[in-house]
Every structure is written in C-alpha cells, then in structure tokens.
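Letters are used for the chains, namely A, B, C and D, taken in the order the chains are written, and counting of residues starts over at 1 for each.
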Amino acid sequence: MASLPLPLLDYQRYGRQMILDGFGLAGQVKLKQSSVVVVGAGGLGCPVLQYLAAAGVGTIGIIDDDIVELSNLQRQILHAESSLGVHKAESAAESISRINSSIHVDVIKSRLTPQNALEILSRYNIILDCTDNAPTRYLLSDVAVVLKKPLVSGAAQKYEGQLVIYSLGPDGPCYRCLFPKPPAPEAAGTCEETGILGAVTGIVGNLQALETIKLITGLHEMKPSMLLFSALGSPPFRSIKLRSRKADCAACGNQDFNLNMITETDYVQACGGPRPDWVQRGL
Amino acid sequence: MASLPLPLLDYQRYGRQMILDGFGLAGQVKLKQSSVVVVGAGGLGCPVLQYLAAAGVGTIGIIDDDIVELSNLQRQILHAESSLGVHKAESAAESISRINSSIHVDVIKSRLTPQNALEILSRYNIILDCTDNAPTRYLLSDVAVVLKKPLVSGAAQKYEGQLVIYSLGPDGPCYRCLFPKPPAPEAAGTCEETGILGAVTGIVGNLQALETIKLITGLHEMKPSMLLFSALGSPPFRSIKLRSRKADCAACGNQDFNLNMITETDYVQACGGPRPDWVQRGL
Amino acid sequence: MSLDVLSLKIEFGGGLELLFSNQRSHNVTIPSKVRRDDSTSLLPLEDGIETKPADITYLIHHLRDHLLKERSELFIENKTVRPGILVLVNDTDWELEGEGDYALRNGDEIVFISTLHGG
Amino acid sequence: MSLDVLSLKIEFGGGLELLFSNQRSHNVTIPSKVRRDDSTSLLPLEDGIETKPADITYLIHHLRDHLLKERSELFIENKTVRPGILVLVNDTDWELEGEGDYALRNGDEIVFISTLHGG
C-alpha cells in the first residue's frame, strides 16, 4: 500500500491553504521538507516564527543569545511574562511548539559571528534577517552571497518598516549592492536605543513570513523589490523596483568572495562600535 | 505625594513606544483607559488581540461562540494544540493574559445577534470587525452607526485582504454607503468554505491593531480610505481614497436609523442563508 | 479628446479575476466615442446613431461582451456592477468621480474589486 | 524641456525627515538649468558659466543649501548622499536611472530613504 505524502491529519490541519490556487498538496509537501533559519527572536522574529510554524515549515532554526526582558513584551509576542529571564530562542521555540508540535525546531543560543555563521546557516534553505543592528545585517548578507541562499530581510524602527529579499535568484542584489559602505554609527541611529511600535514589527514580520512561504512554494515572482512601510504615511506602503546585482559589488560581484574574506572583514568597525551585537537583542 | 499616571513598571514595559514622537506618556495613558471589542477570535482576531494586549489597551472584549478546531491552527495563532475543543474566546483570552496580565479581558461566548449586539458593543470605545461573513459585517456596521463608534474592519480571503475604518469621524462612510445591497450568496463566495493563507490574515490583523492604536492615541489622519492587499500582487498594496458618508445611505444617511430598525432588518435574508453564522467561525 | 481609441489598464480583485480568465491585470482598448445605449458592437458608428464619450457604464458592458468568460450575472446587474463590487478610478472610489458617468481618459486605471467577507 | 523651473515632490523616510523640519513630504521648485559645479546660488546664470540640466546631484546640493535644517553630514558626503541612503526616482531605485546624473523632469517624485537596522 502506497503511503500518503502527508500524514492524514495534515490534510485537515493545512486544508485551508492546500485548497488555494497554486498551493495545493505540492506546496504543503514543499513547506514540510523545507528548512528556514530565523536570526533574531525579537520584534520581527516572533511573528515570523509564529506564521512559519503554523503554516507547517518542517524545520525551523531560531538564533538568539539574548534573554527576555520586560521591555520586550510590548512587541515580542511569543514571549510571555512567565518567560522573563529565559533565553529568547528557548521561549520562542516553546511557544511555536504549542502551535505545532510536528515541526522540528533548532534552538541556537550562541552568538552569530563571522567564525560560526557560515557553518550554522548552511544547514538551512532560506535565511531570515530579523536582527536589530547593521553589523549583523552585513554579515548575514555576506553569508547569503557565499551560500547562494535567499535572505529575507526585515527592518523596523519607530513607525517605519522595510522589506527586501537579498540574493534573490541569480540576479538579485545583495545588501552591499544597495549599501556598499556601512553608515557611520551616528547616522544609523540604530546602535542606540530607538522607539518602535509593536504592530509595525508585526506587519513587517508577517510580510517576511509570507515572502518566505512564497519562495518555498514557488509562488514568488522573483523580481528584486523593496517594500517601504510607514505607519503614519499616506499611502502607508510603497513598492520600489530595485537594481540587479552590481558587477562591482565587493561581495556578490566578486567571484573570489569567500568564507575567509568574511572572517577578515572588520564587521566591528563597520558599525563603529567596539563590541557589536552579533546577536539580535530584539530591539 | 502625587501618584504616577502609570505604575512604575509600565514605564519599563512600554518605554519603547512611549519614546515615540507623538505617542509619549499621554498615548500610553490613553491606551490604558481605552476599551476595544474584537468580534471574532479567528484568523484576523488573533493577531489583533496579540498586539492590542502587548501595547497595553486597558480593556479588551473578545466575542466568539466557536470552538478551536485543528483546521484553525494554520492561522489562528493564539490557539494551541492543547486548546482544541476549547471556546476560542477563552483560549484567546488566556493567551493574551500570558503576554499581559495587567489588562482586563471580557470573554463573551455568546452569539452576536441583532438583539444583543447594541447592548454588548456599547460598552466599548472602538469595535473591530474580525468576522468571516457578510450578515455579521452588516450588523456590525449598523451598530457602529447607531453608537457613533469607529469600526475597524478587516477581511481576508485566499491571497487577499481589505481594510477600512467605517464610521470614521463625522463624515466617514459606513459599510452600507459602499455596499448598499448585500451580494447574493453565490456571488460572495463567503458563506461557503474558501481557502486562506495564514500570513494574509496576520498582515490584515496587524494593520487593524495598528489603526486601532492610531485612533486611540490620536495619531490617525482621519481620512476615509481603503487598503487593498494582494499577497501575489505587484505592488502588493493599494490605498484607495473613499467617498464621504452618503446622504441617501439607508443607515448613516437616515436620521431616524435606530436600534429597532436594526432588529427588524432581516440579516438572515441578507446573505441568503437560512442560518447565518452570527458569530465568526474564524474562517 | 482627439484620440479615436482609449487604452485602459483594467484590474480585477477579490475573486472577480476568476470571471476573467483568472487574470488580474488586463490592457483594454475601447473607442473614445461609443453608442449611447451602451451596446458594444465594433461596427462603425453610422449617421443618426446617438453617441457619448466612453464612460464607465460603457466599459462595464464592453468588459462583459468582450472579456468576460463566464457567468455575467456575477459582474453586471441593471446596467451597473452587481452589489458587492467597488469600482476604483486611478485609486479613487468611483463615487467621487461620477460613478458610471465618469468619462474615461486614455491611460486610466480602472479597478473592479469584490468585497471580501472572510476573516 | 521648455520650462524654466521644475516642480518636484520630495519625500524623506527612515529618519531622514528629522533633518528636514521633521516633515516627510516637501514640494520643491528648482531651475531646469543649473550650474555645472552644483552651486545653488539663486542669482541669474551669467554668460560663460557652465551649465547642465538639473540632475539629482544638483538636487542633493539644493536640498542641503535650501531645505536642510541641521547636520548636513548626515545627508551629503562627497557630492552624493551619505552611505546608508537610497534614492528613489518615481518608485524606482536611482541606480536604474543613472544615479546622480538622472536629468530631473517636471513632476518627478524623488524619495530619500535611510536604511533601517532595527527589528
């Protein structure tokens, strides 16, 4: 007797998305077989993890070395009051396992560094940037270039959000194509504490989850674009057509760009700080 | 000694939003003093409740008479596997209390009907339509007109979402201004089962939470508009400038429109079904 | 308006695209001067036929006759769109633009969107 | 281009608006022909002065000299925008439009957006 491609109960659990045009059983099987790593279990990572787990992504890695603090609860909705003091990666893993116990979750509580990033991230099909600082954003982009994996990158600050998939297909730009030089730290306003509205991280995180599901199921249009969001803007969303990969990009334009060059790059200097937050503090 | 407008720990918990331009301590106090009712604890209601609770809305009503089923878990992210068989309103209340135990939550497990809607909804400042059927949408709009309260209305189906605030300010249109006649049920494709992607409900629900927070804190521009979302569209979002209230609207254009007329209106016939789902089954 | 034809961008959403080859975006060309009775015959306008500048009411008939694939009652009713459909003219509610009487201009984008009820 | 001046819609985002009176949207009018050295004096162009059609490089200087309220080093660096700022021409990445050399047209919408790092 031939076995079903999915457990019988999965047809019931995921039926409402499996009946969608262009999704189907094939889409659900792809989700189950895919592996995704979410870097940062903070404001962006929480909604991302929630919807990836609910949709049935088979393997999810969660990287965060930070612990849950009271000031996080205003937006990091996988962490409860009872999780204060617990590692975010653990708290998030427990929350998404409550939604869906059938998915495999890797909890990674170590700091992502130029030394370990390539090895850790190589285990996954898609990388999600849910971090909160420029050095890690450059590091993730460089790793995605080397691994030739798409990087679904979200950012949120104050009332605004931004979303780009870097290294999308053979021609999509990397982060360095758009921003070759890191901004000076005083210009970034990001190594310091800034305000953030929870629902803004929620919207960007949900959009990251959606783009990831589109990539896995083959529903994505695969054209490089940037989505800008401003909670107080009118209109609130703006879609931007982006350049292709740049031939003179220090990362993706360089045939010889490799692991060693990443390790040698001074990501610390990149943000100007003496001790960068390699791992996402969940802004 | 004068008492603080907020408990001391609240400054820590909500600090990241209180430091935002135009938000401040005043915004946080307004959130704490406000009451919001979420009709439907399904695909839209779950993310809405999560972010309203996290942001510190003081009183939240949850109306849903349905129970959690396996097919809900793909998108209704406040319900866990352990909640199967539990009332959605209860399950959702428990989940948001884990995030924020300081808010007051009303659990309403009765069906919303033309007979009880006015009494129940009158207790709250803002009404959120997170339902899944046309009759309840007309009922909520009519009640919002009578009560002169804004109705933050979200809808999601397949890969698409829509967002409007009805009865916004003195001139904003109601649902009947835009759609005077209910569609025939075969045209609506909504009394039947349709597919839905979880992240789409997440995005619309998050936007509903955001609009609600903007209304409460005074950050809203107060211009009637509709936001259209298509997960596969390019661009994915479209903002529409909407008409003002219509002088000949059967509801908001009628000075005499009142409670009794609502009760008399045949909402059942409106959707063509013999037994409408007054309460949201969390599509 | 000196053009003989108008080129329009038409978009369908909220499930309406299912009636139009399951395709959301269409480019449609219509005459700039049309029969006042909204009939959409492509034959030349003869002397004595009453005409008007092409408006949205005409466009609705044109789409029904030349683009719609099935079940016209899910799109048109009593010479206008059926209840539950909102029409947008260049991202503005058509009610602000004169509804069916809005005189179309070359390059206009007209969106037909069905209201969603799910959640 | 026969106009003497160009009317542009300028928008700032990602925190850049803080440098411009904390206002996201601005309407800006600039000459259609400007000094090749990007100096933004409003005095008439005399004979012998080298000129060029107004481009984005000129606009950046114009905004610095006539709209910026503080800390120009957070907006301009080496005759272009500082690292971390993306420029959009009518919702398209300026790199696809020739970057600073893009010749501005009346009615263009130019957006300056600072990349966000938070999460």
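The definition used in the following text is that a contact is a pair of C-beta atoms (placed from the backbone, for glycine too) under 8 Å apart; a residue touches a chain by one contact, two chains touch by 3 or more.
By chain, UniProt protein names: C, D = Ubiquitin-related modifier 1.
The model shown is predicted, which means the values in this text are computed figures rather than measured ones.
**Q** So which chains count as neighbours of both chain B and chain D (Ubiquitin-related modifier 1)?
**A** Chains in contact with chain B as well as chain D (Ubiquitin-related modifier 1): A.
**Q** Averaging over Cα atoms per chain, report the distance between chain B and chain C (Ubiquitin-related modifier 1) in Å.
**A** A distance of 33 Å separates the two centres.
**Q** Compute the distance, rounded to whole Å, between the mean C-alpha positions of chain C (Ubiquitin-related modifier 1) and chain D (Ubiquitin-related modifier 1).
**A** Inter-chain centre distance comes to 40 Å.
**Q** Between chain A and chain B, tell me the centre distance in angstrom, where each centre is the average of that chain's C-alpha atoms.
**A** About 29 Å, centre to centre.
**Q** Scan chain A for residues touching two or more other chains and write them down.
**A** 21, 158, 194, 196, 239, 283
**Q** Give me the residue numbers in chain C (Ubiquitin-related modifier 1) that touch at least two other chains, ranges are fine.
**A** If we look for residues of chain C (Ubiquitin-related modifier 1) contacting two or more partner chains, we find none.
**Q** Which chains touch which?
**A** A-B, A-D, B-C
**Q** Report the residues of chain B in contact with chain A in the complex, numbered from low to high.
**A** Listed in rising order, the residues of chain B that touch chain A are 9, 12-23, 47, 50-51, 54-56, 70-71, 73-75, 77, 79-82, 98-101, 158-159, 193-200, 202-203, 206-207, 209-210, 213-214, 219, 221, 223, 225, 227, 231-232, 234-239, 283.
**Q** What does chain A use to touch chain D (Ubiquitin-related modifier 1) in their complex?
**A** Touch residues, chain A against chain D (Ubiquitin-related modifier 1): 40, 42-45, 129-134, 137, 154-158, 160-162, 178-184, 186-190, 194, 196, 201, 226, 228, 230, 233, 238-243, 246, 280, 282-283.
**Q** Mind pulling up the chain D (Ubiquitin-related modifier 1) residues that touch chain A in the complex?
**A** My answer: residues 13-15, 24, 74, 82-84, 86, 88, 91-93, 95-96, 111, 113-119.
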